[in-house]
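Next up, some structures in structure tokens.
Below, chain A partners chain B and then partners chain C, in two separate complexes.
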Partner chain A sequence: MSTHSNHPFHLVDYSPWPLTGAIGAMTTVSGMVKWFHQYDISLFVLGNIITILTVYQWWRDVSREGTYQGLHTYAVTIGLRWGMILFILSEVLFFVSFFWAFFHSSLSPAIELGASWPPMGIISFNPFQIPLLNTAILLASGVTVTWAHHSLMENNHSQTTQGLFFTVLLGIYFTILQAYEYIEAPFTIADSIYGSTFFMATGFHGIHVLIGTTFLLVCLLRHLNNHFSKNHHFGFEAAAWYWHFVDVVWLFLYITIYWWGG
Partner chain B sequence: MMNLSRAVVRSFATTAGRRSAAVPKDQIEKGYFEIRKVQEHFQKKDGKPVFLKGSVVDNVLYRVTVALALVGIGGMGKLFYELSVPKKE
Partner chain C sequence: MALPDGLSNKMKVFQAVNELPVFLKGGPADKILFGITAGLCGLGIVSFVHLVYTMGFAKKKA
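Take a look at the complex of A and B:
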């Protein structure tokens, strides 16, 4: 491999990770079949381990190519940006389906639900307690991640560290509070369409918060290892975009499901 | 429409590059200068692919991952056999 070429694009090396990733995903879903039929989770766990090992090494290699080998030229970063934009767009459409299901049921509740929303027997959360606190937390984390971004662009290493640290901290705090809400919930996912749509929407949002927090934590570690410069830090920008997306989804969730639909 | 697309691309493509003025060395985090050693290591022309270029740990991780993948394939094969050929009761 040579880092000197007559074009700005990155022709990726041969890599085993797409293959092991595919095997890991197949093992995971086959493991689910085994789990359901034979009550044995060993294959499912193995699939997850293979997948985790693969994604760690795959992204490690991408970081190496970008930071150590200098293969992420301006043209390459443009492609990465479009890739991230399209990924976030697919996530938006993913959540549209949950909101669609929620509005489908809530705007015209069926007679089986008592023709009312929330359905009969459902005690919904008070939107002005922990949900409002969680809203403040995520909005604050949006500020801190922006603070980190601007600090990075100003070549301020310590401020970037602080901004990223507080963002990760707020993300963890949000997750803890949401877990507490789930523990104290007066209804379950099986309690009518309300429970289903509530836990599907907020549950997947919670998973995305975990993913975003992990993403930002990795960026913090990379920053502490001096991977980012003021001009070359798209990995961080991708994490920031993703975090802002998670934040906006929560705002929609809070307004429609907790506040209006509660 | 093409001009609008280009304008959109231009606006988000230049986020990081907008502030590209030179920075005095004393304002740069010291660790950045140590990155050069790592960069030299990963840019050696030793024929190793990027996923094995780091250290011995890379090799171990790679082999473990492949080994587990093979075990996974075996496990899937066993599962499909068991499900397709049920035991006689």
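Take a look at the complex of A and C:
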């Protein structure tokens, strides 16, 4: 590659990762077919392994291009920002569908549910116990990630490390508590529309918390390896945006599904 | 401000003028990891074809 050009854009190297990613996705969904029809999860596991290897190497290469090769100019960074904004927008619409399904049923419960919400026979969670604690945890993690961001912009390495560390820790703590809630749940995903909408919404949120925590952990590792500067740290900003999004989704979940709908 | 040694060394490695693409510039470890990924992809494709064949043509057991 050459680091000298007469334009500010990044013309990427030929990359195998879109192809291996496509093969990984195909193998994963084919593996689901095999799992459901032949009771064999080997192909499904193989697909996930291929996908994980692909995403690791793909994002590793992006980090190399941005940090070691200096290819992420201001113009390139603007493109990355728009990409992340649009990705988060798609995630917002993803969650809108679950909230839509929830409100569709909860605002006008059918006679089969006993014409009431929660449906007859459902014992819902007390919103002022673990769910409230989880709300406090995510709000606190929003503060710590902002602390890390401001520290980074002020070129304070140690404070950034602390902020990121505590954010990751709080994310893990949230996940542990949510897992405990699931274990202790008095209803399942198969228990009427309540169980379906509850576990779909909170389950996907939980997955997003795991993704966000991993994203922040990667940022922490990159920070410890001096990848970020006070002027060039979009990878961290993307993780912070994503984390704030996860936080806001939880607030909506808590208010509508745990509190109002419980 | 001087760059940390680790970072400056990495920059030299990845900015070296050669014909290697970014996913192989890291050295032998990159080649091994890429080889494993490619091998597993090949295995995935073969397994997929085998799945389609068995579900489409294999006779059901009595």
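Here, the second predicted complex is superposed on the first by the 262 of 262 C-alpha atoms of A that agree within 3 Å, B and C clash if a C-alpha of one lies under 4 Å from a C-alpha of the other, contacts with A are read in each partner's own complex, and residues count from 1 in each chain.
The rule is short, and it goes like this: a residue touches a chain if its C-beta (ideal position, glycine included) is under 8 Å from a C-beta of that chain, and two chains touch if they have at least 3 such contacts.
Quick caveat, the model's predicted, so the values are computed rather than measured.
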Fit or clash - chain C, chain B, common chain A: clash
Which superposed partner A:S116 touches (first chain B, second chain C, both, neither): neither
First (chain B), second (chain C), both or neither touched by A:M153: first
Partner chain(s) touched by A:S30 [first = chain B, second = chain C, both, neither]: both
Which superposed partner A:S108 touches (first chain B, second chain C, both, neither): neither
Greater residue coverage of chain A in the superposed arrangement, chain B or chain C: B
Which of chain B and chain C A:H232 touches, first, second, both or neither: first
Chain B versus chain C as contact partner of A:R81, first or second or both or neither: first
First (chain B), second (chain C), both or neither touched by A:Q57: both
Footprint overlap on chain A, where chain B in one structure and chain C in the other make contact: 1-3, 13-17, 19-20, 23-24, 26-27, 30, 33-34, 37-38, 42-43, 46-47, 49-50, 53-54, 57, 61, 64-65, 67-70, 225-227
Contact set on chain A toward chain B in their complex: 1-3, 13-17, 19-20, 23-24, 26-27, 30-31, 33-34, 37-38, 42-43, 46-47, 49-50, 53-54, 57, 61, 64-65, 67-70, 74, 77-78, 81, 153-155, 157, 225-227, 229-234, 237
Residue ranges of chain C touching chain A (in the complex, touch as defined): 3-4, 6-7, 10-11, 13-15, 17, 21-23, 25-26, 33-34, 36-38, 40-41, 43-45, 47-48, 51, 54-55
In the complex, chain B residues that touch chain A: 9, 12-13, 15-20, 23, 27-29, 31-32, 34-35, 38-39, 41-43, 45, 49-51, 53-54, 61-62, 64-66, 68-69, 71-73, 75-76, 79-80, 82-83
Residue ranges of chain A touching chain C (in the complex, touch as defined): 1-3, 13-17, 19-20, 23-24, 26-27, 30, 33-34, 37-38, 42-43, 46-47, 49-50, 53-54, 57, 61, 64-65, 67-70, 225-227
